[in-house]
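Below are structures written as structure tokens.
Shared between the two complexes below is chain A, which pairs with chain B and chain C, respectively.
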Partner chain A sequence: MKTLRWLLVAQLAAGSSLCARAGEPTAQIRATTDKILVLLSDPALKTDARKSERRQLIRSELDRRVDWAAVARSSLGRYWPKRTRAEQDEFIGLFSRLLAETCLDKLDSNGADPAKIDYLGEKIIDDYASVKTQITTKDQTVHPVEYRLQKAGKDWRIYDVLIEGVSLVKNYRDQFDEILGKTSYEKLVADLRAKIPRETP
Partner chain B sequence: MKKAYLEFVVGLFLAIGIGCLAWTSIKLARKEFLVRNGYEVQATFSNAGGLCSGTPVVIAGVEIGRVKGVRLEDYEAKVHMVIQHGVLLQKDTMASIKTKGLIGEKYIELTPGASDETIKPGGVIRDTQPEMDLEALIAKYIQGSLAKPDDKGQPPH
Partner chain C sequence: MKSISLAACLVLFLWPALGAESPAAKASPPTSLPADEEDQPLRDPFASDSNHAKAPSRIKDPLQPMNRAFFQFNDRLYFWVLKPTAKGYGKLVPRQARTCIGRLFGNVGYPVHFVNNLLQGKLKAAGLETGRFVVNSTVGVGGLFDPAKRWKLEAHPADFDQTLGFFGVGPGIYFDWPVFGPSSARGTAGLAADSLLSPWNYIDGLGVSLGVPAYNGLNTASLKLGEYETLKKATMDPYAAMRSAYYESRALAVEKCKAKE
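Now for the complex of A and B:
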């Protein structure tokens, strides 16, 4: 899981390059990546005093592009309809916070690593799209990353990310399935709370 | 005495042979029954990883369908599956290709989703996860560990 998170961060933190057959979903993914890169490289935001401001700005960009509710709903899978509306809202809040804070922590520790991103193409079927990219790290290792998006008005919002062919949603769905098969939903929520970094508001 | 023993052995082999034939017939008939009495769904994988007609489709380890066919479409693998009637698949069901053991039989695992809507007969499982390419991952790991950037941060030549 750590590798997955690292690569997701690498995708967001890396420089962009080639664009092949870029359509609207690719353009929106690229725009978000570029905005986050600008925030990461802004010297004024690198000071300790403005660290939380930078985190908040990056979180806002993530919130615009990632459909946290869809990620949370799909990750909980078949257990989702069994929860009350209040529990579902609570789960979305906790899970999105865990994912976003983990991502922000990695960005804080790694910074914007210079690397290359190739946009390999996109596929749109009705209101769904996938954008295939390829990250080349500094040591010339290539990692395929695929975004899956759903159209919401004019925006394309991410509901899953596949890194090295491994789906983020599938990974969490399997984990939640295992936990809920052995223990209870209350235990899962308690575990999520425990994993969210304490220093964050 | 010797003749009776010989006849017994021949009879035993014959019985075993008939038993094997019956078992095969039942297995094939079951498979055929499943293929005829289910509904079809499709899924597209970037790498089919050796799937073929007859590959089992499972949910929670229980076989609920079979692969009907695999064909290349737009340089991706389009897989047709037949799913048992009565097994409803949510629209966000995820299909992933798995292997039993390290060198075992391939199968498709379906992980139920959260959507209220279900996939209609002839519909598409939108979310798929291809088979993990272990060879590529191992190669990447080995190459990655050898190809470290030099002291100036430049990639090796």
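Now for the complex of A and C:
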């Protein structure tokens, strides 16, 4: 189940870039990826003392590129309109932290592994875009990663990531459907809160 | 030969549980699924790109209590047995050697890939797989290395679960088997049929037919340590997450094999 292993962790990896038919969505994905790679390879930020600073900087890059509200809204699916505005905002905050922390943990553990990212092309439909990439790991395993983005002003922002064809949003939607079919929204939020590590000072 | 008759029994036993995609089934909407189309708060124009988008959005799971019990069993098996063993094994055998051993096991999967590519009418893919097998078995020292990749002989893996899907058989119900993990009725039948092509089953002695795949599992686990932990940490319901990912990835594999060469 290679897919499972990559499902939640392989959004970004180190390496060089190749590009085919690059438009604005690809350029923006690449810019964010490259910025994160620079942060990861900066020796000054690798020390234990500056580890949390590095996490903060990467988190800001993620926040700039990922539309957490869209990811949360789509993941909660049919349960989304049933929540109040305050609950929705709280959910966006908690869920984005869970996803970002997972991504940051993974980058902390092996983000500097040499690998290659190929940009395979993009497709645009109105204000939506799909950018297909391919990540080659150190042991030469290839993992297709597709970003789905929506245009917001000049920016293209991610609303879903498909790893080996499996949608992150769809996967969470299935989990939330399962949980909310059996228990309450309050319990889901309590579980979500318990999952997230405490804020580091 | 015992394992062959076991495989044949499994195929026959599970056949009724497979959901064939009859025209009637295609015409009627799935009944047990959430009406998430109309409530979907976010439009995704790419979601309708594939045929798979028209399939039911979730796999049926009527045996969920049993499956969840097996999931728990596999969870314990991982943390209590597999992980410590794989850690110890990883200390004894260098990573590079373990990667080579993994490739060797992949190379032995050739008969499965070849036959299923043929069954799907993919002659070019079957030819490429043969080319890979010949090159990697000789120049690649029995499959320890993958020189075929450098010669543009890309892998085209195929399995019987995919072949059944290719001929319109639906996945049927979900199973989360002890040791084997996520599967479906079709996937289990596919695994049983593919095991007929596994060379280990033709070597006398239960030790070989069970021991060799078990060793392969240990070798793979030693290269993937920590990934299951990440999955558990990141998901709200790891069982549902694995079920969903299994269904999606198999649906995609079937969709890919339906595409023309």
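General observations
Heads up, the rule we're going with is that the second predicted complex is superposed on the first by the 187 of 201 C-alpha atoms of A that agree within 3 Å, B and C clash if a C-alpha of one lies under 4 Å from a C-alpha of the other, contacts with A are read in each partner's own complex, and residues count from 1 in each chain.
Heads up, the rule we're going with is that a contact is a pair of C-beta atoms (placed from the backbone, for glycine too) under 8 Å apart; a residue touches a chain by one contact, two chains touch by 3 or more.
Everything numeric in this text was worked out from a predicted model, so none of it was measured.
Residue contacts after overlaying the shared chain place A:109 against chain C, while chain B stays out of touching range. Contacts of A:139 after superposition on the shared chain: both chain B and chain C are touched.
Within the superposed three-chain model, A:48 lies out of touch with both chain B and chain C [touch as defined at top]. Shared-chain residue A:78: touches chain B and chain C both. Using the contact criterion defined above for the overlaid structures, shared-chain residue A:98 touches chain C, although it does not reach chain B.
More residues of chain A are touched by C (comparison of chain B with chain C). Of the two partner chains placed around the shared chain by superposition, neither chain B nor chain C is touched by A:186.
Within chain A, the residues touched by chain B in the first complex and by chain C in the second are 73-74, 77-78, 80-81, 125, 128, 139-140, 148, 160, 164-167, 170, 173-174, 177.
The part of chain A that touches chain B in the complex is made up of residues 73-74, 76-81, 125, 128, 138-143, 148, 160, 162, 164-167, 169-170, 173-174, 177. Residues 46-47, 90, 92, 94, 96, 111-114, 116, 124, 126-127, 129-133, 137, 140, 143-144, 147-149, 153, 155-156 of chain B are the ones touching chain A in the complex. Note for the complex: chain A touches chain C at residues 1, 3-5, 7-9, 70, 73-74, 77-78, 80-81, 98-99, 102, 105-106, 109, 123, 125-126, 128, 130, 139-140, 148, 159-160, 164-167, 170-179, 188, 191-192, 195. Contact residues of chain C toward chain A in the complex are 34-36, 39-46, 57-58, 99, 146, 149, 181-182, 223-224, 226-228, 230-231, 233-237, 240-246, 248-249, 252.
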